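Each of the next two complexes has chain A plus one other chain: chain B in the first, chain C in the second.
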Partner chain A sequence: MAGADSPSAALRRRDLCARGIRLAGKMRSDVVDLLDAYVERQGLDASASVAAVEGVPPAAVEHWDEQTGTQRLLENLAAYRAFRALLAQMLEEQREQLGEADAALGRALAAVLLQVSAFAYHLEELLRLESRGPPSEEEDGPPPQPRGLFEQKLRGLGVLRELAQWAVRSARDLRQLAKPGPGAGSAPSPAESP
Partner chain B sequence: DGNTQFERVGADVTMKCGSMDWDATVTWTANGTDIDESHLNGSYLILKNVDLAQSGQYSCYEGSSWHLKYQTSLKVGTPPREPVLMCRSNNYPKGFYCSWHLPTPTHIPNTFNISVIHGTKEMVCEKDAVPKNRCHIRYLQLFSTVKYKVTLTVTNALGKNFTTLTFDEFAIVKPDPPESVVAKPVPNNPRRLEVSWQNPSSWPDPESFPLKFFLRYRPLILDQWQHVELSDGTSHTITDAYAGKEYIIQVAAKDNDIGTWSDWSVAVHATPWTEEPKHLTTEAQITETTSASTSSFMAPPTTKICDKGAVVGSGAVAVCWTAGLVVAAYSVLFI
Partner chain C sequence: QNLKCVTHNLHKMICTWDVSPRKRYGQTDFCYTTNDLPTPVCFKTKEKRVEIPVLHSSSTVTITTNSISGTALATKEFKIHKKDVLFIPVTPRILSLTPDFSTSKLNLKWSDNGSVFPDGLDAIWQIQILRKERMEKVTQVTYHSKLTHEDIILSWNWTSDMPLECTSHYVKIRCYINVTQFVGLKEWSDWSPVEVIPGKDTDPSESGVFPLDTVVAVGSDVTFCCVHEEGQNVTNMSYGSKPYPMIQLSSRSHAIRVLNASASDASGTNVVCRLNNGMMEGTVLFVGYAPDIPQNISCETPNFQIIKCTWKPGRPSGLYGKRKTKYSLFERTSGKNVSCEVNEMNRERVCGFPVLPDQKTYDFILGVSNPVGQAESSLLVDITQRVHPKTPEKLTVSENNSTSIHLHWFINGSFAEIRLLCQIEISSGHSGQKVHNISMPGGKSSAYTAHLNALHPYTKYQFRVRCSAADYFWRWSDWSRVKEYTTSEA
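After this line comes the complex of A and B, so read on.
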């Protein structure tokens, strides 16, 4: 495997970052559309404040600009692995609740789940380039199940909102990573704007 | 005694002459001018339905000795109406600012108090020295879904009012307009204009938080704008300009992912390149036309001039009939 600072690793990192940024942009756009559809079909109030939901990784971060490249990747990866499990659970709940009556919502959820999985894979590849490798997935079991139908809906709202924020944050994180410098851990190739 | 008295417009005001009895003989003045006795009730000064013009220094003098017994500065004004508050981040992700004003003046001093709450946390909005009605906040967190709640309270001696704004981090992001917009003609290209600009200097990190741009342009003689959205780069070549026409061009900016478009930049004007008219060697007074006008025709140098009387038609299509014969001859040659 090429060293983290080799020119080929730097090129691969830049390529992965550029593709990741595009994927994050598409993911955000799809999540925002899904959020609108979800709110409407679940009969929720779009402006409702949802308190931090257990198991949903918050995108909010302090001292974001001081994070190292590896920190960014690890936090992103942990988040998207969590979203993968949460979305899978939501998909299951949605099928049980509405069955075939709302196939469009189910398809949209499945499409976002696919993108989240793809993005998680992207992050794992980037971590491999850091000569660190991705951490193994924790065997904690599935995320906690909301008790009632209304709780399920509120959690779904919380999941999608945080995911939309994460998609924006991830694009910013990858742009930081793509910059040359100690924080990004990149090779000494000159920076180019993506 | 020097003191200040605030009263609402339209109020009835009664001023006592200090500790003087009601039936004492006194003289009241307003800004040094004696006030007519008709405004007095004993030694009390009665001002009915006060208006702004009645603000001033009121003094009361004992009748015979002219000792000053009481003095007050009357300020007529109104309680504050609901203030207008605006918050915006033009330097994302560093922070945001809020600015405010009153929809109508109160004519008396006001104090403003602003509170910013993010979730359960109270944040400090540091007031700017200039302008005074503005304060700024540094973001402690980024990418939060928790909304910000900003409450502005305005208080004066006659009352108070307040307004509240609630928003999320992304919604208020609005960059300043692009700077240093330059538009230039492109040599030997009569339909092109090259436009370039710079990121607003207030945007702190365009590399990590890139901006996208919206360009609009139109010839001065038309009202309809053409629009182009550009996802990267700070330059663009317009390729469909009308030859020879002066254009007006503006650019706006927006964060690539969040927020709203900036205001339009300062407008720049430019005219596409046009060919210099060729120097003619004959002594004839031939009307010169530019080669940018595709409908014009340059008579070959050997063509005879037209006498004014030989002109047929009018306006842009006036053709000298002798030149017309030459044109016809040339056309036949080229068919």
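After this line comes the complex of A and C, so read on.
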């Protein structure tokens, strides 16, 4: 976060961070519920190991505590934009494959997609506070098509698992950002175990 | 020694013989004669075989082997009887072997070489299917045909009990021609060269579980295979949550066989292949029912603009999304076809078909299909006899005097082609409830009026109305909303 904040900007940022942390918490619990339903409805093995899903940014990051506030926001925004596209595709696939047969799963998926979109918007708000504004959205094109339905199911599992991880990381990133002090979060702050 | 004559086409025969290998020979003189020939037919040959016409009576063959310089070394005479001649058809040639991976079907095409033979002979073909790396015989099928003195391309289909991707499938064919008038020995032809449809386990870049995302009927037996990279091992294969015993097809392909598959969940049953490197490959099987024949199909029109057909779907298919049962309404007279948007989850099935200009009678076929099967039901209907008007709306009253009023209402739709019969229910505390029937020409626009008299002055009435077709009653509309009105004082 460039330069020291004016008191109102700092107040605005802390407010946005606080609301973001609550949104991330709600999102996480909804994603966990969705994950359980998804595993059960798709007939998957909850313990199945899923290879890294192409197009899904990993939540785990090295040197987490050395990241600047801007880096945190930019990485978060990139992730949630990616999740927005992936969840939209999952919703489309769910409608195509199941139609009306599993409306509940469809609704739960749509609800999480809404939260992810809201959270992305929230991150853009935070970036606007930095007067650099959020980066324009790159049209990456649709995520790669899995070869078959089983691979599609596994990818969905991978997406939801990673999203649940991201919700945890985002809450921690926002807490880091919310800490008072000039350039909070931009300079490396005292190491804190992730 | 060992003079042997073989014919492949009943016209010419190839005679071959042996000579003792100890000496070196020059040309051979070959002569043959029969009762029909005035003089022997002779010629020289360097080979130990000659091609001569098939002899239709017993004959004498004389073979003289000469030295390099041409002097006769040895002469031998043979008696050849017609029954000694061996008939072996020409080895058949496979023209094409075409796979259809989506149905696991092989299509074999070959020529019957009929032009070589007289018309009407019975040909018997043996077709052998082999599989796996070790080319194990899977089945041998006998196919019969009639030769027609022309070269006919014969075609034959075979459906494998496992996906063609799983491992290579090989086909070969041979034939036997039943020539009753040929007295000689008759044998099967040689097998044709093998034709192969390579499995995915022969392509280094391929892996996966097959069949990929397919749909089968409840009760089907299905073979799944896991094709993996060289050097990988399959630790187990499961169908749903249940592991199955594996059958090795090749070094890169293992299979399981699921018998009598039961209906799957909406998202299908997962078939998972776990590899020793921890990775998983898989596919999804959808197991459902073919659609039942639609029952109690019924069509009516609410407004002479649309025809609504309803039916009872029967047993749910268990298939959803893009595999769900699809419905279409085809009208034979006009040739018009409409696909119906149906929500699989609710029990009521309805489909709309536009009323066509100048057409009263409709010859409907309701077609129902899903990936497992299809069915249809038909109905011939005259829509003027199937009128079910919508609920009358906007009931209003205009008063003539304290004992006589006009009741006005609207019915959406054009009923100009029929007469309407309407019932007006008149309720009042004073005289209880009465029903007044009134018939009127159907209108192009939807406004209707009825005149009621003999009412009581200064009395509160409730009116409601419903209508139906007058001439061919089918169904009443619903009752309109109640309209309250108090007549004026006398």
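Throughout what follows, the second predicted complex is superposed on the first by the 177 of 194 C-alpha atoms of A that agree within 3 Å, B and C clash if a C-alpha of one lies under 4 Å from a C-alpha of the other, contacts with A are read in each partner's own complex, and residues count from 1 in each chain.
As a convention for this text, contacts are C-beta pairs under 8 Å (C-beta built on N, C-alpha and C of every residue); 3 or more make two chains touch, one makes a residue touch a chain.
Just so you know, these numbers come straight off a predicted model, no measurement behind them.
Engineer: Mind checking chain B and chain C on superposed chain A, clash or fit?
Structural biologist: Aligned on chain A, chain B and chain C fit with no clash.
Engineer: If you stack the two complexes on chain A, which partner ends up touching A:Arg161: first (chain B), second (chain C), both, or neither?
Structural biologist: So A:Arg161 only meets chain B here.
Engineer: May I ask you to decide whether A:Asp65 touches chain B, chain C, both, or neither, giving the answer as first, second, both or neither?
Structural biologist: first
Engineer: Which of the two partners, first being chain B and second being chain C, lies in contact with A:Arg169: first, second, both, or neither?
Structural biologist: In the superposed model, A:Arg169 contacts chain B only, not chain C.
Engineer: State whether A:Leu149 touches chain B only (first), chain C only (second), both chains, or neither.
Structural biologist: second
Engineer: Taking the superposition on A as described, I'd like to know which of chain B and chain C A:Ser49 touches: first, second, both or neither.
Structural biologist: Both partners, chain B and chain C.
Engineer: Once the structures are superposed on A, label A:Gly25 by its partner contacts, choosing first (chain B), second (chain C), both or neither.
Structural biologist: So A:Gly25 only meets chain B here.
Engineer: Put chain A at the vertex: what angle do the Cα centres of chain B and chain C make there, to the nearest 10 degrees?
Structural biologist: Vertex chain A, arms to chain B and chain C: 110 degrees.
Engineer: Can you report the least C-alpha distance between chain B and chain C in the superposed arrangement, rounded to whole Å?
Structural biologist: Nearest C-alpha pair, chain B versus chain C: 11 Å apart.
Engineer: Across the two complexes, find the residues of chain A that touch chain B and also touch chain C.
Structural biologist: 49
Engineer: In their complex, what parts of chain A are in touch with chain B?
Structural biologist: Residue positions touching the partner: 25, 28, 49-50, 58-62, 64-65, 161-162, 165-166, 168-169, 171-172, 175-176, 179, 191, 193-194.
Engineer: Tell me, which parts of chain B touch chain A in their complex?
Structural biologist: Touching chain A from chain B are residues 93, 140-147, 170, 207-210, 232, 257-258.
Engineer: Which chain A residues qualify as touching chain C in the complex?
Structural biologist: Its residues touching chain C are 41-45, 48-49, 51, 95-103, 147-151, 153-154.
Engineer: Taking the touch rule as given, give the residues of chain C at its contact with chain A in the complex, in rising order.
Structural biologist: 208-209, 212-213, 240-241, 265-272, 278-284, 320-322, 324, 343-345
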